[in-house]
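What follows is a set of structures for review.
There are two complexes below, and they share chain A, which is joined by chain B in the first and by chain C in the second.
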Partner chain A sequence: MPKIIIDNQEIECRDGVNVLQAALEAGMEIPHYCYHPGLKVVASCRLCLMEMQMPHPKTQEMGWVPKLFPSCQTPVRDGMICRFDSDTVKQNQANCMEFFLLNHPLDCPVCDQAGECHLQDYSYHFGHAESRMVDQKLKTPKKDIGPRTLLYSDRCVMCTRCVRFTEEISGTHELCMVNRGSRAEIDVFSGHPLDNPLQGNVVDICPVGCLLDKDFLFKRRVWELNGTSSVCPGCATGCSIRVDQADNHVYRLKPRFNPKVNDWWMCDEGRFGSDYVHDAKRISSPIVRRGLDETTPAWEDMPEILRFRFEEHVREHSGESVVAMLSPFMSCEEGWLLIKFIREIAPNATLAMGPVPMAGEDQSFPAGANGDAVKFTILKEKCPNRKGIEQLIASAGGNTLSFEEFVGQCTEGKFSAGWVVGGYPNEWVDKATAKIASKFQLLVVQDLFENALMAGAAVVLPACAWVEREGSFMNAAGLVQPFERAVQPPDGARHDGQYLYEIAGYTGLYSGERVRELMAESKADLSVAYEAPCKPVHAH
Partner chain B sequence: MSWKTLDRNQQAVDPDAPPVLSDAIRDRIRSFFDRYETKRAVLLPALHIVQNTLGHVSWQAMAEIAELLEIHPSDVMNTISFYTHFWTHPKGEKVITVCRSITCEVMGGSAVLDELKQQLGVDEHGTTTDGRYSLVTEECLAGCDHGPCLLVNEKMHKCVKPEDVAKILADSGNDRLSMERSELFDVPAGTSEHALSASSSGDGNIDTTSDVREMRES
Partner chain C sequence: MATFEPVLLRNVGVEGARTLKVYESRGGYQAVRKALGMSPDEVVEIVKEANLRGRGGAGFPAGVKWSFLPKDRTHTLLCVNADESEPPTFCNRVLMESDPHQLIEGTIISAYATQSQIAYIYMRGEFHEQFHILQKAIDEAYAAGYLGKNIFNGDFSLEIYIHRGAGAYVCGEETGLIESLEGKRGWPRIKPPFPAVEGLFRRPTVVNNVETLSCVPHIIERGADWFTGIGPSHSVGPKLFCISGPVNKPGCYEAAMGITVRELIERDDMGGGMAPGKRVKAVFPGGVSMGVLSAEELDMKMDFDDPRNYSLLGLGTAAAVVIDQDTDMRIVLRNMARFYGTESCGQCTQCREGTAWMHKIATRIAAGAGRLEDLDLLLETARNMGMMPGLSICGLSDGATYPIETIVKKFRSELEEAIRSQPAGRVDRVLQVLN
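For the complex of A and B:
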């Protein structure tokens, strides 16, 4: 590992990185716009320039070279000496900032980026307090460049990150630079708008408020948002994301750096696929039916009621008549708790896997890439935890069924008590599945929305969306990743983990970590979750 | 302009319009494919061929070039906007380029420019109504020792005085080069050069944001 000296401080860096990346990883704040670790280096913004020592051509004596070098384009070399704290470097940063702000409209009060804007931050830390610009500012129009994105040209700093993203990551090439010099602008060819499954990322990597998300536009000031680490449930890739919420409302999802899964990116399907969380049609209170009697008991009584009803059923019939269908939208912890409960009451109960939603084909990016060239994949399997639940069912042993077998055997009337977990964002109960409800004497249905099984169910439990829960998902590659709770469940509902924890016989507050500890005894490989490393604060 | 939003979802090119690139132009572009490793590399020769044949590279021509070279139309727009040489809207048969740099200015360049404007009846970036001349200025024509200088197409006129302007404009051979062009430059064989394109179909009323817009407005 090469060691270099930056500002008289020795830092150890990874092989093959550039000086800027090394400095950022060491926690230094170096201003930069065009450099993004996921994209090619263009060294066009000139903000990260540094001074470097080199041997004098005649005397071979080491000394500061009287010119500046772009630190993003200079690979680290063992023993290298550079500095960012000299007057020359600072002067350059200040001049660059003045230049970037020459034509800037200074419309921060109405800009969505304000609060997380690197023009604001860098201007404050490295810039001049005032501009010497006396001429009229160049005014450029806004552009509606695609169904989900707006481009406010007048705020642009021409870092071309977005253009490189469409070239290198999505491979769709919609964005380009038109004209050069002071009139340079980002644009699309009219009629070929920015419309690809990864386009939302250009808004994330834009260091200023130029590219804006129409979905989030003017919704909320960013400093009012609280971010929570989460995992996208949109497909089996399991991208690391951050859920930004305020007042218990999810405003936006942003990707979180995870070198093992999604790098810096996420797809639009996941990014804009959380609307169902705030759907008014969600069920929020449990229902218990006995004969014609229908009550909504207190949550505290729920574990006892369920345990009693299942025990009563097993006594009257047999343990073999009990079945539980687990959903690939459950977390590993919830799945483990439910299996524990069912198998405790009826050791020979059957476990079934819920339907796994599939849509289209796997999509790889850059468009048309394969093998090592693939930088991002959207899987056709549209659920987060099929693999985790399958492993739990397999390790629990005993009778296990696929979803088709489950529906078939239920239709034959093999089971008379069942626990069916939904949690799918879309309607999942088809006609054949709806018919099985009548075969059960005791049916517990746990779901987000009302479904056709609920009419015949003895107990209806509201399920929660993943942002209201806590636990871990195992993605298609077998990586277990934890996600935290971002918002509270709807009024009256309790998050699945908590009631399953109590039903499984534990007391106190549910926590994903606690259940993983309990799981460690029986399911060691699911009990250790991988958390993506935090990226340095000033890397953006 | 900052309060205006340009709609980029609208088609720049009418999908039902007949193609602007003839088979001859396409064949000529294709003949360059063997020379390079990628089709993308043929972009610059293609732009030259289209501009030399049609006078300018319209939006539709850009889209058709992109299709031919299997690249995105925005890549063509990216490249075309880098070079002031390429015109995205019709230009005159001959382009007069006047130097606006310091040496020519000192030697009376602005008087020559004013005389040209007056005699042609157009401003900078303008095209005469008869379509014969377009007038533009450039930073330096590398003829500082013979200022003021101007170009008619590629022919350099040196030490031009305001009184010479009428004579230059009247001379039908004012763009004839005294030396043959380098072999490196591929003049398309059998095509009439610099013909003003009659077809501007597909050019539409697309809002542009820059020099092009200014040129149109002026």
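For the complex of A and C:
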């Protein structure tokens, strides 16, 4: 590991990084726009320039070179001495900030980026308070460049991150530069809007308010949002994300850096796929039926009711008549708790895997890449935890079924008591599956939305969306990532983990970490892959 | 001063000099035969010895540039910079339209020295006639077996292609030229890697100016000593000088370096003195990017070193444009600022925003709504764009600041007087309209 000195401070850095990256990782704030660790270095914003010591060509004495070097383009070398705290460097930063803001409309009060804008931050930290330009500002247009994105070119700093993203990551090349000099603008070719499955990332990497998300436009000031670490349930890739919410409403999802999964990116399908969370048709209260009697019991009574009904059934029939269908939308913890409950009541109960939604084919990016060149993949398996639930079922052993076998054996009337977990954002009960409801005497259905099984169910439990829960998902690569609760469930509902925790016989508040400890105690192999969230290697 | 015998321009004015036949009859294509008899390294050594400094503006020794090429390279590409986009410069144009075979010969020798099998001539888009003349000469050379496979029946092969630019100033910068040749925006590249290591199509590449390459056949033919015997020791070899503006004989002239600007204007075999009724007020002696000289500074020597003593950037393209006493310096200032404002490629912040800002200020001053503090603002903006080396990727930013800075510094009293004589309240009215 090379050691370098920046501003008289010795820092240890990773091999092969550049000085800017090393400084950022050491917690220093170095202004930069065009540099992004996920994209090629262009060194064009000239904001991260630094001074460096080099041996004098004649005397070989080390001294400051009267020249500025782009720190984003200068690789670290052991023993290197650089500085950002000299007057020259600071002067250049201030000059750059003045230049960036010459033609900027200064419309922060109506700009979505305000609050997380690096023009604001850098101008405050490194710039001048006033512009000295008295002449007319250059006015460049606001453009609608795609179905989901707007481009306000008057706010642009020409860092070209977005252009490089479409070249290097999505490989779709929609964005380009037009015109020259200060009249240069980012644009799309006419008839080819910015419309690719990863396009939302250009809004994330835009350091200023130039690229804007239509979905979030004018919805909320960013300083009112609270971010929560989460994992995207959209597909089995399981991108690390951040859920930004305010007043119990999810406003946007942003990718969170994770080199093992998604780097800095996420796809649009995941990014804009959370609308169902706030759907008014969500089930919010439990229903318990006995004969013609239908009640909504208090949540406190639910564990006892369910335990009683199942125990009663096992007594009257047999343990073998009990089945539980687990959903790939459940967290590992919830799956484990439900299995624990079912197998305690009936040790020879059958465990089944719910349907795994598939759509199309896996999509790799940059478009057309394969092997090591692949930078991002959207999987066709549209659920977050198929692998985790399958492992839990396998590890529980005993009778296990696939979804097709489950529907088949139910139709044959093999089971009379069952617990079916949904949690799918879309309709998942097909005609054949709907028919199995009549075969059960005791059917518990746990789902987000009403489905065809519920009419015949003895107990209906509202399920919660992943942002309302806490737990962990295992992605297709076998990586287990925890996610935190961002918002509260709808009024009347209770998050799945809590009631399953109580039903499984525990008391107190559910916590994902506590359940993971319990899982580890019960079976060591369930805890090995647990992955702590990683520290971002980049400031913005 | 001893009479100077033209070297580069020796065929200018000769009937049919553009044809292979006439060129050969005047001693053409002898140097290339001689060079092909030597090893490539020997040719490089001779050019190094001759201390042939690049004629394009920066003055970097061509032989040294060639020796930067990695030893173990397999492919090398040679680019001939015929973009000639610096305002008042037209010496390459004269070379290409009057004596195209001289350039072709120089290109073959240089390609041989650098072991390039392909040479691209990147030609300014506006050169229509010159393109056809040069293409015709290239076709002739192909037909004679001087280009193509196994030229002069030897082992060396060379293809020459002319690529025509689309009119951007910045494509005259060597890496901007390379990007443009690759079909991209003419954005200068960040270095390292330098073109000699990774240039055009990621191959080791050498980029040389037309005039530089035109010197090469003569160096091979007459030897390095002959070349270094011309002109002062730091600036050797024949050099083309352009002169334009209100002089009696504007044009392109050849001389040894070290002649003064005054000589260039006054000498009968050069500018021939100022046009009747005109006096020199200012001269941009090296293409506009190098900065301006006042009428008192005409004794500046046109070589690689002396311009620095007059706070100019360098010799540049050695193309002088004379400004007469009837020209308002505010108009000159605006014209300069406009050029760089429209020609900045827009990559580096300082250059992109600075040039446009200076253009706005200069336009306002020229329109009679200047403020005295605008002059300081211009100087400071210029300083902020080029206060230290390394501020921008290429040299355009420095080139943009020198004319502005030198005009403001050397003609400050005139500009101030013009600003003071503006009608009262005009600035306020104009600013009100603008904002």
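Quick note on the criterion: the second predicted complex is superposed on the first by the 526 of 540 C-alpha atoms of A that agree within 3 Å, B and C clash if a C-alpha of one lies under 4 Å from a C-alpha of the other, contacts with A are read in each partner's own complex, and residues count from 1 in each chain.
Quick note on the criterion: a contact is a pair of C-beta atoms (placed from the backbone, for glycine too) under 8 Å apart; a residue touches a chain by one contact, two chains touch by 3 or more.
What you are looking at is a predicted structure, and each value in this text was computed from that prediction instead of being measured.
Per the definitions stated earlier, placing chain B and chain C onto a shared chain A by superposition produces a clash between them. Of the two partner chains placed by the overlay, only chain B lies in contact with A:V188; chain C stays clear of it. Of the two partner chains, chain C is the only one touched by A:M158; chain B is not. Look at A:P297: by the touch rule set out above, it reaches neither chain B nor chain C. When both complexes are overlaid on chain A, the residue A:M177 reaches chain B and chain C alike. Of the two partner chains placed by the overlay, neither chain B nor chain C lies in contact with A:G456.
Once chain A of one complex is fitted onto chain A of the other, the partner contacts of A:G273 are absent, as it touches neither chain B nor chain C. Note on chain A: of its two partners chain C and chain B, the one contacting more of its residues is C.
When both complexes are overlaid on chain A, the residue A:G408 reaches neither chain B nor chain C. Of the candidate stretches 25-33, 151-159, 241-249 or 385-393 in chain C, only 241-249 runs into chain B once the two complexes are overlaid on chain A.
Contacts of chain A with chain B, set against its contacts with chain C after fitting on chain A, overlap at residues 177, 179-180, 183. On the side of chain A, the complex with chain B involves touching residues 105, 139-147, 150, 153-154, 172-180, 183, 185, 187-193. Listing the residues of chain C that touch chain A in their complex gives 168, 185, 190, 341-350, 352-357, 360-361, 364, 371, 377, 384, 387-393, 431, 434-435. Listing the residues of chain B that touch chain A in their complex gives 1-13, 59, 62-63, 71-78, 81-82, 206-207, 209-211.
Residues 41-47, 49, 66-70, 73, 88, 91-92, 95-96, 98-100, 102-103, 132-136, 138, 157-158, 177, 179-184 of chain A touch chain C in their complex.
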